[in-house]
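Going in written order, the chains are labelled A, B, C, D and E, and every chain counts its residues from 1.
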Amino acid sequence: MNDRPLETPARRSPALGRDLIGLAAIIVAAGLGYLIFPDNLALLTRIIGIALLVLSLDLVTGYGGIATLGQAALFGSGAYAAGIASAHFGITNPLLMTLCGIAGGMFAGLICGFIILRAHGLPQLVLSIALIYLFHEVANKASGWTGGSDGLSGISTDALFGVFEFDLWGRTAYFFGVGLLLMVMVLLRLLVRSPFGMLCRGIKEDPIRIAAMGASPKVALIKMYVISGAVAGVGGALNAISTQVVGLDSLSFTQSAEALVMLVLGGTGSLFGALVGTVVFMLFEDYVSAANPFHWLTMVGALLILVVLFAPKGIYGTAAAYLSRRKEVR
Amino acid sequence: DTIKVGVVGPFSGPFALQGKNFKAGIDAYIATHGDKIGDDTIEIVYRDLPAADPAQSKALAQELVVKEGVQYLAGFYFTPDAMAVTPILKQANTPLVIMNAATSAIVTKSPLVVRTSFTTWQTSTPIAKVAHDAGVEKVISVVSDYGPGVDAENAFKAGFEKEGGSVVEAIRMPLSTNDFSPIMQRIKDSGAQAVFAFLPSGPTTLGFVKAYNENGLKDAGIKFFAPGDLTQESDLPALGDAALGIQTTFHYAVSHDSPENKAFVEAASKAIGNPAELSFPSVGAYDGMHVIYKMIEATGGEQDAEKAVEAVKGLSWVSPRGPVTIDPESRHITQNIYLREVTKADDGTYYNKEIQTFEKQGDPGLAAAK
Amino acid sequence: MQTFFSIAVDAIAYGMVLFVISIGLSVTMGLMRVVNLAHGAFAMIGGYIASYASRDLGLGYGVAVLIAIVGTVLISIPIERLLYRRIYGAPELTQVLMTIGITFCIIGIANYIFGPTLKTIPLPAELQGSTNLGFRSIASHRIFAIVCGLLVAGGLWYCIEKTAFGVKLRAAVDNAAMAAALGVRTEIIYAVSFAVAVGLAAFGGILGAELLPVEPYYALRYMVTFLVVVSVGGAGSIPGALIACLVLGGIDTTGRYLMPEFGEFFFYLAVIAIICIFPKGFAGRVR
Amino acid sequence: MPATPLDVENLSAGYGPTRVLEDISFSLPAGGRLALLGRNGMGKTTLLATLAGQTRRYDGRIRLGDVDVTPLSSAYRARQGLGYVPQARCVFPTLTVEENLFVGLKDRPKTDLQQAYDMFPRLFERRRNLGSQLSGGEQQMLTTARSILGRPSVLLLDEPLEGLAPVICDELMAAFSQLASTGDMTIVLVEQRIQSALDFADQVVVLERGRVAWSGTPKQLTADHDTVERLLGVGGLH
Amino acid sequence: MTPVFEVNGLKKAFSGLAVTNDVSLSMASGDRVALIGPNGAGKTTFVNLVTGHLRPDAGDVRLNGEVVTGINATGRVRRGLGRSFQVTRLFQDMTPAEHVGIAILQRDGRSGRMFGNFLSMPDVMEEATGLLSGLGLLDLMHRKVSEIAYGQQRLLEIAMALALRPKVLLLDEPAAGVPQSDTGRIERALADLPADLAVLMIEHDMDLVFRFAKRVIVLAAGTIIFDGLPSEVTKDARVREAYLGSYADASHAA
C-alpha cells in the first residue's frame, strides 16, 4: 500500500513515451515512403486516405465493438461532400474542402450510428450492409449531383496555402495527407485514452453493465460514430482532393469490406494496428497485382490466411503482445 | 529505345474475362506486327483495376506515367476510370487510347483521348431501325440502371421514335438483379410487341435470357432486341439454345468473315489460350495497338502527345471488324455496325451470325448530348 | 389478382432457391458460430464439379449432383482440418479475415483452372422447359427447387432439434469446453456439421445455378445476399431462414415488378426495417 | 492391488505462459472424499481444470484408474470416467434443461434422466426452460446433476454449493456422501464454506500459491489452528 | 418521511409462470435488509424489475417518492439506484482500476470527457485506490480482470457498485464464490457504507445475512412470506421448511 503514490506516474509515462515514439515512427515512415517511392506518391497518398478510413473503422469496431461492413458510407460521404463543394459550389480551397468532407462524414456517421445501433452482432452487420447499399443507390440516383456511375468529375483544387499546386507528381497531395494523418493521430490518441475512450471500451465488452452504471451506451456510441465520421470524412476529402474524381466505389460494400480486412489484418483496437494493416495490405496488393495482374488475388488470400494462423491478433496486435511479454520476462 | 505503354484494365475480379481479352488483343497485335517500330521496342506495362474505381485508376495512371515512364496510356474498361485519367493527360504529355469504355462524353474531356472501341449509342441506335423494319411499333425498354444502360435506353428511344415507333415503357433495373421473372411479367403486362434490353456482358445476361424463355415471352411472340453486349461470344456456350434467334447489333462478331479477322482470331485465340473466351474487348485492344503503333511511327518515338494524336486523326484502316476510321473531329472510331443473330453452327457451337451491315456509323451520342 | 398470384409464385420460387443455397450458411453461422464468408466459394466448387461432370464427362444430372456434393465435401475436409479448426471460437472478425482469405484463394484457383467464363449445368429433360400452372407458366426446375428446399428444411430441422447429434452440436457450440468435459468429442461433431454445411452449399450452388450462374467471382458476388438472408432469418434457425427467404424473396420480387428502378433501394430499406423490428432476426436463437 | 481412481504426480500447469500450479501430487482411494481448500486465487479452480484437461500442463502425470490420461483431451478423459462441475456455472444457455441433462447422459438411455429429477425436483418443473432462463441456483443444480448423470468414477466439484439455499445444500452434501460411500465414486470438492467441506471430507489438501501447503485429515486440520489461520485466513473451526 | 424506495403490487410472469406475484415493500434510508428465499423464488427477477432490466406486468417502483416504472435502467441508476450482478459482469480486458475509474467518472458526469487520462486525475485515482484497497484488490489494480480469480472478481463487482455512491443499493449474492476468509472484507465494506444508504442484499450465506441484516424478507414462489426481524425468521416454520433447513436447527442466529 505504500507504493500507491508511485503507482500513478509510473503508469503514465510509458504510455506517453509510446505515443511520442509512435508519432515519430509515422513521420519516419512517411519520410522513408517519400525516399523509397518518390515516383509513386499517388499510391502513398491513396494509402493515407484509406488509412484514415481504416482508423475511423477502428474507432467504431475496435473501440466501440460495433460490427460494420458499411464504413465506406462515411468515407464516401466525405469524399462526395468535398467533391460536390468544389464541382458545384466552387469551393476549391483544399482546407475548406477538407472541412466539407468532415461535415459530410459526420452527418453520415450520425445517420449510420442511429440506425446501426438498433441491433447487435450479425443483424447489426447486415444493417450496415443495407446502409452502404442505400447510400450507394442514393448516390447512383442523384446523378445530377454525383455524376452517378460515371463518377463525379470536374473537381478542381487551389494550390495549398496558395503556393503548393496539386500536380501530377503528387508531392503536395502527399505532404498534405501526411499532415492530416498526423493531426488525426494526435487527436485520436488523446481520445482513446480519455474517459470517453475508456467508456467505449467498456461498452464494447458489456453494454448492459455500462448501462447499469448509469451511462447510456447508445449515446456514447453515436458520439463515437460521429467522430468516426469526421475521421473518415478527412480521408474521403483527401481522396477527392488528390485524385479530383469521386466514384461510386468510394461508397461501396467492397470498399467497406476491404477496410475491415485491413483493420483486422493489422489488429483491432489499436490505432497503430489500423495503420499497419492498411500499409501492409495496400503495399502487398500493389506489389503482387503489378507483378501478376491476373492471379494476385490468390496471393492476397494466402496472406490473410497466414496472418490468421500465425498472428491471430493481427500483425501489430500480435507483435505488440509479443514485445510486451518479452518485457515482462525481462 | 524502349517505349512503354501502360494498360489499365480489369485483369482480376468479376470482369477478369474482359481484361483477359484486352491482353489477348494486344498480344495478338504484337505477335503479328512485331514489337519493333523503327528502332524502338514496345513494352506493355499492365495494371489491374478489378472494378470501376476512378481514384485508384488515377493513382495507377499517375504511377505509370511518373514511375514507369510510359509514353502512352491505354485500356480502360469502365467509363469512370477513363474519365478520371483525362485531367492528367496534358501534364503527363501522354495520349489516352481507350480500348473499351463506351460513354460518348469521354472523348470531350481531353483532346488527347482517342477511342478504338465503340459507344453504347453507336451500337444501340441501329437496332431501333431493325426493330421497326420487323414491323414492331410498340417496344418496352429494359436496361441495367447505370451509365451505359441509360445510354442504351436513350439511344434506342431516340432511334426508334425517329422511325415512328413508340417506347411504351422504360424500365431500369438494378445491376445486381438475379431473378428476372418479375421483369418478364412486367414486359408481358406492358402489351409491347418487343423488348429492347441492355445488360452488361457477363453472368446476369444468362438469367435474363433464360427468364425470357421460361416465362413464355418467346412463345408469346414477343421479340427480343439488344446491342451485342448481351450475346458476347464468351457467354454464348452458357446461354445455349436459350439465345437462339436473338438479334443484336454490334461492332464486332468473332465470326466476322474477312481475311483480317481470320488472322486476328487465330492470333488472339493463341494469346488467350481458350478460343471460347474470345470476345469484343480484344478487337478494341487490337485496334488500339494499331493506333499506338501509328502514333509512335509519326513521332519517331519522341514523347509528344499532341503530335501523336494529330497523326491518327482521320486514320483509316481495315480492322478485323471491317473498315474503320478515326473521326478527326471526335477522335472516336467510325465503323460498321452489324445486325447479328445467334445461330447454332454445324459443330454444335453457337455464334453471332452477321445478317446485315450498317455502314460507317459515327457516334450519335455526341450529337445527342449537344 | 392474377398479377398477385403471378408475383407470389415468382416470390416463392426465388425464395426457395435462396433458401437452398443459404441454409448451409445458417448452419455454420448459427450453430457452429463461424462467420463463414467462404460459403459461396463451396457452393461454387459444387457448381464447377457438377458442370464438369455433366458437360465434360457427359454424366447424368443425378450422378453429377452426387459427385459434386461428395467432391466438394472431400475438398473441404483438408480445409476444415487445417484452417477452420483454428478459428472455431475465435473472435468473429478473425473468422471474417480467414474465410475471406480462403474465398480469395478459391476464386483465384477456380479462375486459373476453369477460366473466367460462365459454366452451366445442363438440366435433364424433365426439368427443362416450363410447367403450366393454369394462369401462367413457371420453369420446371424452379418447382424442383421448391421441393428440394422443403425436403432440406424438414430434414435439417429434424436433425438439429430432435436427434442426439443435434443436441450435442448445440451444446458444443454453446460451450465447447464444457461439452468436452461431459465427454462430447467436439472435433468430430464440428467436422461432421461442417461437412453437412458444405454439402448443402454445394447442393444449393448446383440447384441455384440457373439463377446464379457459376463463374469464379460467384464466391464474392452473392456473399452479401447469403449473409442477409441468414441474418434476417436468425442464424441457426431453419424455420427462420425459410421465413426470411420467402419474405425477402417476396419483397424483392414485388419491388422489382412494381418499381424496378428502386428495387434495390426498397429491398435494403425493408431489410433495415425488418431488423429494427426483429433485432435478432425472425427467429434468432437466444444466446 | 487395484489402482487408485485418481493419482496425480508432480503436476505443474497454468494458462498460456502464466504458471499457476507447481509440483502437485496426491492420490485418492476408491470412494475417497478430498476437500481442496485455499484462499482466493490460490489455484483450486486451476487444479480441477487441469485434471479435466482444460488448461496448459507443463509437467507431471495424471492417472485415472489404470489409465494414464495425461495425453488425453478433455472429452476422452470424460469418457474415461471423469466428471467435472466447473465453478462458473456452465449450463448450455440455448439448450433446454432436459437437453442439458441429455448431454450429460453420454450415451445412456433417456430414462436415466429421472435420477437427476429425483435429486432436484425443481429441475423437473423447469425442464422445458432454456438454460439461460434459469435462476442462479437452478443453474448450479443443473450443472451438478448433469455431471452426476454421466456416472463418473471421479467427480471434481468446484464450489457446488455456491448460490444454493441452505436446505438444498444439506440435501446435496448428503447426496454426495451417499455417492462416495458406496465406493463407486471418488470426489474432489472445492468449497468456500470450510465447515461443510470438512464435515464431508476424509482427506484435506490446502493450496497456497499453487503448491500443496498442507495435507492431512479434517481432524488434524481442525486441531491445527495455526495452519487454519495462516492458510485459510479463518479464525478457528469447531 | 417518504421511503427512499418502494414497490407496490409488482407482478411478472414468464410465459404463464408467475415469478413475481404481487410484491410490495418499502425501505427507508439507512435500512439494511436481506432478501432470502429458495432457489428460483424470484429474487433476481425482483431485482431486475426494480432496476429496470425487466418490465413488470403490473405494479410500480418508486425512488424517493418518484415513480420510475417508466424510466429505463440507466435513468434509474442516475436517480441513485445501484446494483451488483449475481453472475459477475466485468470487462475482461480491463483492469480493476479502470473499472472503478469509469464508475467514478460516470458518477461525476465526467465519463464523456474526450481528453485527459483518468490515471492522471489525482482525485479519481485516490478514490479508486481507496476503494480497491478496502476490498483487498490493490495488488491487482492494474492486472486484467481475465487474469484474476473469481472471488476477487466478486469483490470488484461490489467496488464498482460502491463507486457509484447510490442511495439504494441492491446486492445480488455479493458473497457467492468469495471464500470465508474474504467474506470478512465484504462485511467490512458493507459496514463502512454511508449510514443513510438503503441496502437490500440477496444472499444464501446465512452467517453473513444474520450479521448484516436488521430486517429479513423471505420470498417464496414469488410471494413475500415473511418480513421481520432476523431473530424471528428462524422461528418461522414455513421459512424453516422451505429454506433454512438444518441451519435453523444449528441456530447460528444471534
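Throughout what follows, contacts are C-beta pairs under 8 Å (C-beta built on N, C-alpha and C of every residue); 3 or more make two chains touch, one makes a residue touch a chain.
Since the model is a prediction, treat every value here as computed from it, not as a measurement.
Shared contact partners of chain A and chain C are B. Apart from chain C, which is left out here, the chains connect through touching into one piece. Counted as hops between touching chains, the shortest connection from chain D to chain E is 1.
Farthest from chain E, judged by the mean position of CA atoms in each chain, is B. Centre-to-centre spacing of chain A and chain B amounts to 37 Å, using the average Cα coordinate of each chain. For the pair chain B and chain E, the distance between C-alpha centroids works out to 73 Å.
Taking each chain's centre as the mean of its C-alpha atoms, chain B lies 74 Å from chain D.
Note: centroid distance chain A to chain E, computed from Cα atoms, is 42 Å.
Listed for chain A are residues 137, 295-297, each touching two or more other chains. Multi-chain contact residues, meaning those touching two or more other chains, occur in chain C at positions 111, 264. Within chain B, residues 12-13, 16, 20, 145, 174 each touch two or more of the remaining chains.
According to the touch criterion at the top of this document, the contacting chain pairs are A-B, A-C, A-E, B-C, C-D, D-E. The touching residues of chain C, when paired with chain B in their complex, are 3, 6-7, 10, 13-14, 17, 111, 115-120, 129-130, 136-139, 210-213, 215-218, 220-222, 225, 252-254, 256-257, 260-261, 263-264. Within the complex, the chain A residues that touch chain B are 37, 39-43, 45-46, 49, 137, 140, 147-151, 153, 167-170, 239, 243-250, 254, 289-290, 293-297.
Put simply, chain D touches chain C in their complex at residues 52-54, 73-76, 78-79, 84, 86, 90, 92-95, 99-100, 102-104, 106-107, 130-132, 146-147, 150.
The touching residues of chain B, counted against chain C in their complex, run 12-14, 16-17, 20, 145, 171-174, 176-179, 181-183, 185-186, 189, 202-203, 206-207, 210, 214-216, 234-235, 237-238, 240, 273-274, 276-277. Taken together, the chain E residues at the contact with chain A in this complex read 51, 53, 72-74, 77-78, 83, 85, 89-94, 98-99, 101-103, 105-107, 110-120, 122, 125, 129, 133, 138, 141-142, 160, 164.
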